[in-house]
Structures are given as C-alpha cells and as structure tokens.
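Labels A, B, C and D are assigned to the chains in the order they are written; within every chain, residues are numbered from 1.
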Amino acid sequence: MPKNKAVNVGLIGAGRIGSFHGETVARRLVDAELVAIADPAPGAAAGLAGKLAVESSYTDVADLLAHPNLDAVIIATPARFHTNILVQAAEAGKAIFCEKPMALTLEDADRAIAAARSAGVPLQVGFNRRWDQAFSEGRAAIDGGRIGTPQLLRSLTRDPGPFGADPAKIPQWTIFYETLIHDFDTLLWLNPNAKPVEVTAVADALVRPDFADKGFHDTAVVTIRFDNGSIAVAEANFCAMYGYDIRGEVFGSGGMVTMGDVRRSSMRLFDKDGVSSETWRRDTDHFVHGYTAQLASFVTAVRRGEITEGPTGIDARNALSIALACIESVSRKAAIAL
Amino acid sequence: MPKNKAVNVGLIGAGRIGSFHGETVARRLVDAELVAIADPAPGAAAGLAGKLAVESSYTDVADLLAHPNLDAVIIATPARFHTNILVQAAEAGKAIFCEKPMALTLEDADRAIAAARSAGVPLQVGFNRRWDQAFSEGRAAIDGGRIGTPQLLRSLTRDPGPFGADPAKIPQWTIFYETLIHDFDTLLWLNPNAKPVEVTAVADALVRPDFADKGFHDTAVVTIRFDNGSIAVAEANFCAMYGYDIRGEVFGSGGMVTMGDVRRSSMRLFDKDGVSSETWRRDTDHFVHGYTAQLASFVTAVRRGEITEGPTGIDARNALSIALACIESVSRKAAIAL
Amino acid sequence: MPKNKAVNVGLIGAGRIGSFHGETVARRLVDAELVAIADPAPGAAAGLAGKLAVESSYTDVADLLAHPNLDAVIIATPARFHTNILVQAAEAGKAIFCEKPMALTLEDADRAIAAARSAGVPLQVGFNRRWDQAFSEGRAAIDGGRIGTPQLLRSLTRDPGPFGADPAKIPQWTIFYETLIHDFDTLLWLNPNAKPVEVTAVADALVRPDFADKGFHDTAVVTIRFDNGSIAVAEANFCAMYGYDIRGEVFGSGGMVTMGDVRRSSMRLFDKDGVSSETWRRDTDHFVHGYTAQLASFVTAVRRGEITEGPTGIDARNALSIALACIESVSRKAAIAL
Amino acid sequence: MPKNKAVNVGLIGAGRIGSFHGETVARRLVDAELVAIADPAPGAAAGLAGKLAVESSYTDVADLLAHPNLDAVIIATPARFHTNILVQAAEAGKAIFCEKPMALTLEDADRAIAAARSAGVPLQVGFNRRWDQAFSEGRAAIDGGRIGTPQLLRSLTRDPGPFGADPAKIPQWTIFYETLIHDFDTLLWLNPNAKPVEVTAVADALVRPDFADKGFHDTAVVTIRFDNGSIAVAEANFCAMYGYDIRGEVFGSGGMVTMGDVRRSSMRLFDKDGVSSETWRRDTDHFVHGYTAQLASFVTAVRRGEITEGPTGIDARNALSIALACIESVSRKAAIAL
C-alpha cells in the first residue's frame, strides 16, 4: 500500500466493543479510515455510521465486503459468527482483525487460519492485553532474563460490577470462551518457552447462584501445568464491585514481575476515612491505549502485508485449546491432558 | 495466676525458630520469663541458655517438665516430635504453645487435642500470620461485612532464596505439612463461615529439579473448594530471590481485601535505574511483631487459663486435614473430597 | 465552523516541543489537520513538513499567516518571540494556542490579551499539567469539597538528568519563566478561591555550580502566601537522575490530595536487589495524553469560538506575575508583595 | 554496669508522652526497670506507678533523684522545665534521656550540655524519628552515596485532627519549639555534611484563625539554606484529618530518597468507593518501634557510659538554633542568617 494513503477499514458488528473499535479507527487513528459498517440489527450500522460520519452502512456482511475501497475488516460480532465471517472476509481478500475468540472449535480455528493463509491476508486477534504498558514491560523483563525461568504464573480477569446482564442470554461456557481466553493468551505469552500440558478447571455461579443449575458460570479458577514444570492459575469473576481488575504475575527462578493496577491514576485522597483512590470501571477506559495500540499495530500490519508483532490465528488456537480443556475439565471433573 | 507474677516458660527445641521464640520470651515480653530450655543436641540448650541468661538447661524434655516453677512450654522441635511432647507436657499440666504442624496425622491431632482438654491446659498453635497487622485488618474488614461473602481467595508463601538447604534432609511433603499449613490456616480463618469440601494439589521440584524423582517438592499449587462455593488457591515455593513473600487476597461479593507486602519499609530510592525498595529477607524480621504478639497472647491465655483469641488444636487439625488431602491429591493425581 | 470539517492548524516553531505538537495535530487528533509550518531556521519547517506530510512550509511567520485555509496557530517558538507572534496571529484573525510563557513582562501579557480580545479569537496557553488525569482528579476532589479549604500546597518540576544543555545558552531566569511557570499555574488552579499576596524565592546553580556566578540557576524553591492564609511551595531542579518528576500536593482543613508518580506503569520487578519500577524519562512520554487532550480541547475551542475549559491569557498573566516576583525576590533577597 | 543487671530508670513527668515512655521501660524493654516516677500533679505519679507496678512515686523531682537505686532518668515534663531538671539530674550523676526540646534558649542548651559533660553522664535527646525503619534506611542510602550530594530536602509533621486542644493553653512558638524541632533535627541529620546558614519562616493560625491575633500558630513553613547550597523546606500543621503524617524527602545530584507513609499496614480494601487504606492516627502507634528502639539505645548507652548512636545535647542545640531563627524570622518578617 502507498505509505501516505489511509488504510480503509470496514467494521462488522456495531455492538459495544464494535462501536468502540469503530470509534478508535475513526477518531484515534489518523492513518486509517472507517469507510463502512455492517450489522444485521435494523439501524445499528446506520446509527453508528451517522455518529462517526461514515458513508456506507449495511445489514449484510457480503455488501460490506463488496465495498470498492476496503483494505481491511474488524470482526466484532457475537463470538459464534466469528469464524464464518472471517473465512468470508479472507476469501474477499481483506486483511482481518478478529475479536476474541476467533473460533469456538479447533476445527473452526484451523479453518480460519487456513483461509487467511491461502488468501495471503494478515490475521490478527484481539488479545489487547499484550499492548498494555505494564504487561508489555513485564514481558520485556521476562525476555531480558530478569526473572529467570517462570515457575508460577497468575492471570486474572474480574469484570466490573454490579452484574446487570441476563444470565439466560449468556451462552454457556462464556467465562472460558470469552473472558478467560484473555488470561490463557496472557499466560502463554508470558511463558514463551513452555507448552501447556494439563488443565484443571472449576467453575460456579456465585454471582448469580439462582442460575447455577442452568449451566451458567460467573466464577472460575483454572490451573495449567506446562512442560517446563511451571504452573499457572487463571481466575475470572463477572462482578468486581470495585472496578475492572486485570492483573498478571510471573514468578521465576530469579525473581518476579507483577502487572496491573485497578487504581485509575496516581491521585490519592486522604481524608478522615483514610487514603483512597479511584478505580477503572470499564475495559475501554482502562485499556484505551492498549486498544488503540492494538489497532495501530494492525494498520501497520495491513500496510506491510503481514503480522509481525500481534497475536495471530495460531495464538488464538492455542488459547482456545485451553478453553476447550477447561470445559472438558469442568464437565468431567478431571484434569485434562493437552 | 497472680497478675503481677511473670509467666514462667520452658522452651523445648533450641533450633532456629525455637531460639527465636526463646529470645522473644526472654527479651521482648516483660510479663513472661524464660526459665528452662531443653534440646537433645549436645550443648544446644546450654548454649542458648547462656546467651539468654536462663538458669536451667536440659537434654531431656522430662527433666524440663519436672522444673519446679514452670507454667508453660513452647514446643519448637522438629515436627515429627510435636505430638508426643505435647501430650507429655499436657500430662505434666503445663500450658502449651506448639509450633505448626501440631501433628502429622489426624489421629495424632485428636490425641493432642484430647490430652490438652483432659489436662485442662490451654493449647495454642503457631499460626503467627493471624497476628500480622495487615492480615488482622483484613480479617476485621471481612468480619465487618466490607467485602460481602468471600468467593475467591489466595494465600501464598514464598521462602527467601537462594535455597541453601539439602533436599535430602527435608522430609517428604514438608511443603504441605510445614509451609502451606500456614496458608491453609490463613484461608480457613479468612473464610470464617465456610467449610472446605474438596482439595486438588500439584507439586513439583522446580528449584531443585535434580531431586524431583526423590519425592522432594519445593513448589506447589493447591485449589480448595468450600461449601459456600468459594474457591481458594494456596501457593508455595522455597526460593524467592527477592525475599520473604507472604500475601493474602480475599475477593467477595462486595469487594476485596489484599494483605502483605514484601517491601520492608516506606523508604523508596529513586536513581538512574528507576525506583526501588528493600525487601524482607527473613520471616523473623518480617513478622517480628506478629511473632511477639502471638506469644504475648499466649502468655495472656496462660494467665486466663484458656485460649480466647489464638488458634487452637482444632484449628491445627483443620489445617492438617487440608495438608493430608493435598498429599493424597498429589499421590493419586485426583481431587480429594474432605 | 462546520462540525465535520477539520480545524486547519499552522505550527510556528519546529523545535522539540513544536515538533511534538505538530505530530499531535497530524497524528493524534483526527478532527484537526496540520496544514502549514513556519520556522526561521533553514530547513527546519520543511524537514518537519516532509516528515508529517504537511504541504506548506515557510521560514517567515507572515507567510504562514497568509495561508488561505488556516483556522488556528500553535506558537512554539523560543519564549522571547511569543508575544509579538501572538499579536501578529491575532491580527490575522487566527485562533491561538501559545506555549508557556505567553509573555515575559506584564505589559506584553496585557498586549497579548488585548490583541486576542479585540480580534475576537480564542487564546489558550500551554499549561498542559491541568489535563493530566491525576491532576484533574485532584482538582475535582478539591472542587467537590473533599479536602476542605487548602492550607498547604506543593508543586514541583524536576527535569530528567543528566543535564546536557549548555548553561551559557539558557536565558537568565529560565527556571522561573519557563519551568516553574507550570507550577505557578498549577498552584493557582488548585487553590481556586485564593489570591497570591507574597512571594519569596531562592535560586542557585547546584547542578552546574561552575555557572553560579554567571546568573544561571538550575535549582529554585519558592514560597507563595495567599490571601486565605494558605502557603504554597514550588520547587524546581534541572537534573533528576531518576526521571521526569512532576508532583502536586494540596493539604486542606479536611484532608489532602496528592498527584503525580514518576513510575511509568504498574509493572514491578522483584529480584535480588529488591522491588523496582521503571520511570518516566521525558515530558512528552509522561504527559502524552495530557498534551493531546490539551490540543483536543483547543480544537474544540476553535470550533466553538471561545475557550471554556483551558487556561487563558489571564491565567498566563497570573502565573507570570509570580515568576516576576520570584526574580525580584532573588535579586533583592526579600519577600515581594504582589 | 554489670551486663545482666537491669538499668534502673526514673521517669520525671507522667503526662501523655511520659506515661508512654514509662510503659515502654516497664513493658517493652526487658533489660531496664522503671523504679520511680515523679510528677508534681497530685496523684499523677502514684496513678501511673500503680498501673505499671512501680514501687516509688513522688511529687518532687529531688525525692526521685534521691532514690537509692537509680541509674538514669527520662525527662518528659512540659518543655519549659527540661533544662533545670536536666541539670539537677546531671548533678545527681544520673544518665539522662530528655524529651525534645532540651532547652528553649541557647544559653540553657549550653548549660545542659555543660552539666552533662562535667557530670560525665550520657545525655540523649528524644528525636525518635531517627529510629524509624524508613528514615534510618533513608539515611543509610545517603551515607552509601546512593543519591549523591543533597540539594533539596523536605520534612513535614502533621498532627492528627481534629484539633481539640485549647489554643490559649499552648505556649507561643510551640510549633517551632516542639513540633518542627523534629523536622529540624531530621533535616540536619539527613544532610550530614552541610551546615545551615539562613532560615526563613512563615507561620499562621489556619486551623484556629480565631486565635491568630493572640500569637497562636498552628501552621508553618520554613526554608533553610545550607552552606553546600542545598535548600530544605520544613512544614507543620496541627490538624491533618487523615492521620499522623510524617514524611521526609532528600533529593540529590544522583537521586532521591523518600520516607514515611501515613498508611498503617499493607492491607488494602477495594469496594464500590475505590481502593482504601487505614492510617496512623497516633504518634505512639506509628512510631512504637522507633520510640522503643530509641529507649533501648539509651539503655545501652547507660550501660556503656556514653551515647554512641543517638542524638546528643549538641544535636538538640543545633535544632534549637533553627527554631530560634524561625521565631526571629516570623517576628521580623525577614530571612535570618545563622
């Protein structure tokens, strides 16, 4: 692509995170342009297009893919549609940024990877945590040998409460497929020379115990053993009343790195009740820079024609393998060998 | 006991922690007096007695128990001797402070509890972490309803490196019996309205992989499920190169408390390499106040004739149950129901 | 201005901070466009224009002001040229963002304010610290009555070392005119209901004592008394070996807020030397979001036709009054009434 | 003195801090014994003696000094009596621990120093901050050359609010004589190779403005210039609603150390209002270890017959010089050369 020409991006899915990604392309990236939006919900694409001054909006993905000036797409639909749309976009020759999870089965993951490969298009997956300043400094310290060989790892995701969603509308295993998938990628990425060999998961409905017998899970703890002996724990909960809490810890033979702080800034208030800080309440606030950097990197990859620094379809498949093992572990109440 | 008379304490076991407890009684508690020390190792009791200006020293516990002015004993021998000595001391009518683990089997735990009960002597166990300022504030916040119902808990022990001990001299399962037993008590104590129902443990030799096939473990991760649905993770490692790292975390329906900081003071050094802090390198430095408060509380209990605030034989038995389940879990590679 | 049309900005001064502002307009703001750059140094404007894909570059400000599609200018020349260029731009009807200090004398400050006023153009001054997340949270807490009435304030600026500039090339009193001017604005802004009444300053050359007798100052401490009795201390030094250290503190009748942390992220490294963090080394890294927000706010003001949230010419004059009093205080070795 | 014999201490002054010191000797030091207490207030000495199981109590200092087995005294009377009692105790041959300020005039300071010297008794002054872990680590870092040459220093004392004392009963200049005297000692001690040369002070009644015209001061800011060019700011206020806030900061040519944290422990509570910590509310809680270490050091000095590590009469005189210069500076509204 010519260096000075903006990368033309089409957004597929105008829900919460799709809208945010659309806004990032339209307002926070200056060498990309949001040229089209598709969403099957009546008015959704058109509404967002109006807000972001985007010319084209569609209810059908095929129409968006037929847009004459489209270099790349961002797939931000509900998870179950990701793979099919990804394959469709690859076949249309578009560079692809796909929200996590890229697929819900290994077959679909392989199909997605193959489609991008045979089309020769870059495929990046939305593991935005890698772009956070603290997490990237942590990885750099590990790469620099500052903590020796990882032995004990931890990654957690706690979504901000109160929990207002309707559990009946949340697909089963979402906590593994959509939430902990971030932690699985983080743990694999922070333990770069190791392969996971065994997974044990427990899950429960502690936030909404009234849905426990309907297969709903809002709380989970996962133990992963790696081939170098290291042991990781991933943990998720859907209702942290104090905010959006994302943390990582890697302990090794020579030291430790910790990453993540729910406190929003360095401001501290001291009053009769003690010392206090405000907290991050939304992923899109906490990780605005990470989310932006992730798409900026994607735009660079589109220009270059290949992904060099972001997570790829293979990374998505690796994280998915662990999510699938978790589901099996919870179902069978057993440790699952990978 | 008369209020103004010092409590006369005998120390059984003059090793590292025994010597430290002896020093606490002799130098940091003013209403207790260290009157006798026993240790079978030639010269050990006499040497410490000389250093602490204690009149009587023995190589035989029975001789110490026959001391005419002895109100209480501190048992700080190797773990495998604890129960028998405890029973012997109870039969001699002495109040008992016993280092953890009080026993290595449930039978021994029951025997110890029964002996103290029938002798009518106070029996306190050395779970010193309960006396640390941060942990006790954390428990107070939980009791005050500040975090709602506990859902996810974490407790960890990382001993300071480098690891200089000879693995061949460390009894098998020490990581559960002697190290993680602290974390098990902490987790039970921080989740006061719940009972553990299932334990899964993994353990390995990552610090000294050359001893992995000899049953030596220096790294372990334990998952505990409670009857209220809450899930706890306990973690230990024998070689934290950055110091003595003890932390706790309790996440609940209304919030979270975290406790523990390896940084030694509020001093921060800012120089060309960034911002740095010094760390705790020894348990007896980090917890000097907790260790002292624990024995001060024991002395009060001796005067009063009963334990009112410290961990008892029952607490020791409860923590032991989890350690035993861990051993079974590692051996059978399975989750163990309690 | 039409809402969808980008604000066309001309940059005057292509030095370090000018280039950074130019880059912000060109790459970090999507509703502004950098259309022209002027700098008298041969090749400076053209070089930056090439890098940022800006069409027009000039060596003469008058030529830039004659650009047919210019809505606003950013003035980032050496300080002594600010006022004249500002007046020239106002007379050309351009909205003005002027780096601090807007003027070096009160007469010039008044001239600048009058020029903007009579031209009816928005005039915003580069006190970027107001846009930092921590400082703006601090101000919000003060406005919300959380700390009562301010009594003791502190603001400091420590530029990152090593100090590599040539003291002979730094105008006298730069530490007050250009460095502490930020702290003076911060203190006035964080003490919104008070007026400064007396200033005492001390200054010295501690970083480069070899230049002490040439009127060079690299270290200064200023005490400001306000009409509500509150007392502020501002402090600056040109060589903090640990990074770019900007902090604020406001203590009041009901509590305190503190703001600023030289640590770059939440990543902590724990190793045999203790616990450490990396630090901010450059203002343009530390405050990239503040710098961007400040220009985004200016762009909004340009559209709106008036400044509603940023610091104005009056604010610049108020901060300058304190800088001038400092100079007099150092010269006369006396407290100066305002 | 024989090594195993306890040092016999007499307490003079049974007010708040006297009672606390008495309790430290009686309960927190095991090689010292509190044998006598004197206080002119009817019942005060006897009451404390009863509480601490001390045999002898007096209303007259001379009677206490005549006690047959007295090695040392702690002087904790109101400040204006310190010097005379100190001289009296020296003449009686007792080792002396005197609370700050040792004297209110330089003549008295010299008289006190001379009396101790001619009697050959150790004289230690109550600058307890030197014994705090963070402050002593800070001094060690400075001694180790970690921050280069000090250039900018800060020390502050903020007493916990609400302020309940009667300003009419507080002697004029107490903020300098009794409060900031700690900060003056701290600054001199943290800048060991420099001598103060000029002092400027401002003081006001911001907590109790109704007493401003009666010579009462509850807020003060002091600037001290040293002969090596370094500049220190000391600051005090009588009413910090968030607790007992003691901090120090030394910035030098190579880095910085900061010391002091009002947060009481590492416990953090995360709830819907953010992240919070409890704070120190009383000096005797915050500095219990420093206060104890200070008297332990004094007891060692008594045994040894000389002060080797604590602040002496000379240190007290040096800090007093600054307090006196502050008083003169406030009175004359001028900088005072030392």
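To be clear about the criterion, a contact is a pair of C-beta atoms (placed from the backbone, for glycine too) under 8 Å apart; a residue touches a chain by one contact, two chains touch by 3 or more.
Chains and their UniProt names: A, B, C, D = Myo-inositol 2-dehydrogenase.
Since this is a predicted model, take the numbers as computed values, not measurements.
Asker: So which chains are sitting against chain A (Myo-inositol 2-dehydrogenase) and chain C (Myo-inositol 2-dehydrogenase) at once?
Answerer: Joint contacts, listed by label: B, D.
Asker: When B-D is set beside B-C, which has more C-beta pairs in contact?
Answerer: The comparison resolves to B-D.
Asker: Counting only Cα atoms for the centres, state how far chain B (Myo-inositol 2-dehydrogenase) is from chain C (Myo-inositol 2-dehydrogenase) in Å.
Answerer: Here chain B (Myo-inositol 2-dehydrogenase) and chain C (Myo-inositol 2-dehydrogenase) have centroids separated by 56 Å.
Asker: Distance from the CA centroid of chain C (Myo-inositol 2-dehydrogenase) to that of chain D (Myo-inositol 2-dehydrogenase), rounded to the nearest Å?
Answerer: Measuring from centre to centre gives 42 Å for this pair.
Asker: Could you give the separation in Å between the centres of chain B (Myo-inositol 2-dehydrogenase) and chain D (Myo-inositol 2-dehydrogenase), each centre being the mean of its C-alpha atoms?
Answerer: Measuring from centre to centre gives 38 Å for this pair.
Asker: Taking each residue of chain D (Myo-inositol 2-dehydrogenase) in turn, which ones touch at least two of the other chains?
Answerer: Residues 240-242, 245, 254-256, 270-272, 278.
Asker: Note which residues of chain A (Myo-inositol 2-dehydrogenase) are touching chain C (Myo-inositol 2-dehydrogenase) in the complex, please.
Answerer: 4, 26-31, 53, 133-135, 137-138, 141, 146-147, 254-261, 264-272, 278, 289
Asker: Provide the residue numbers of chain D (Myo-inositol 2-dehydrogenase) that touch chain A (Myo-inositol 2-dehydrogenase) in the complex, in ascending order.
Answerer: 240-243, 245, 262-263, 270-279
Asker: So in the complex, which bits of chain D (Myo-inositol 2-dehydrogenase) are touching chain C (Myo-inositol 2-dehydrogenase)?
Answerer: Chain D (Myo-inositol 2-dehydrogenase) reaches chain C (Myo-inositol 2-dehydrogenase) through residues 148, 151-152, 158, 200, 202, 204, 206-207, 209, 219, 221, 223, 225, 229-231, 233, 235, 237, 239-242, 245, 251, 253-256, 333, 335.
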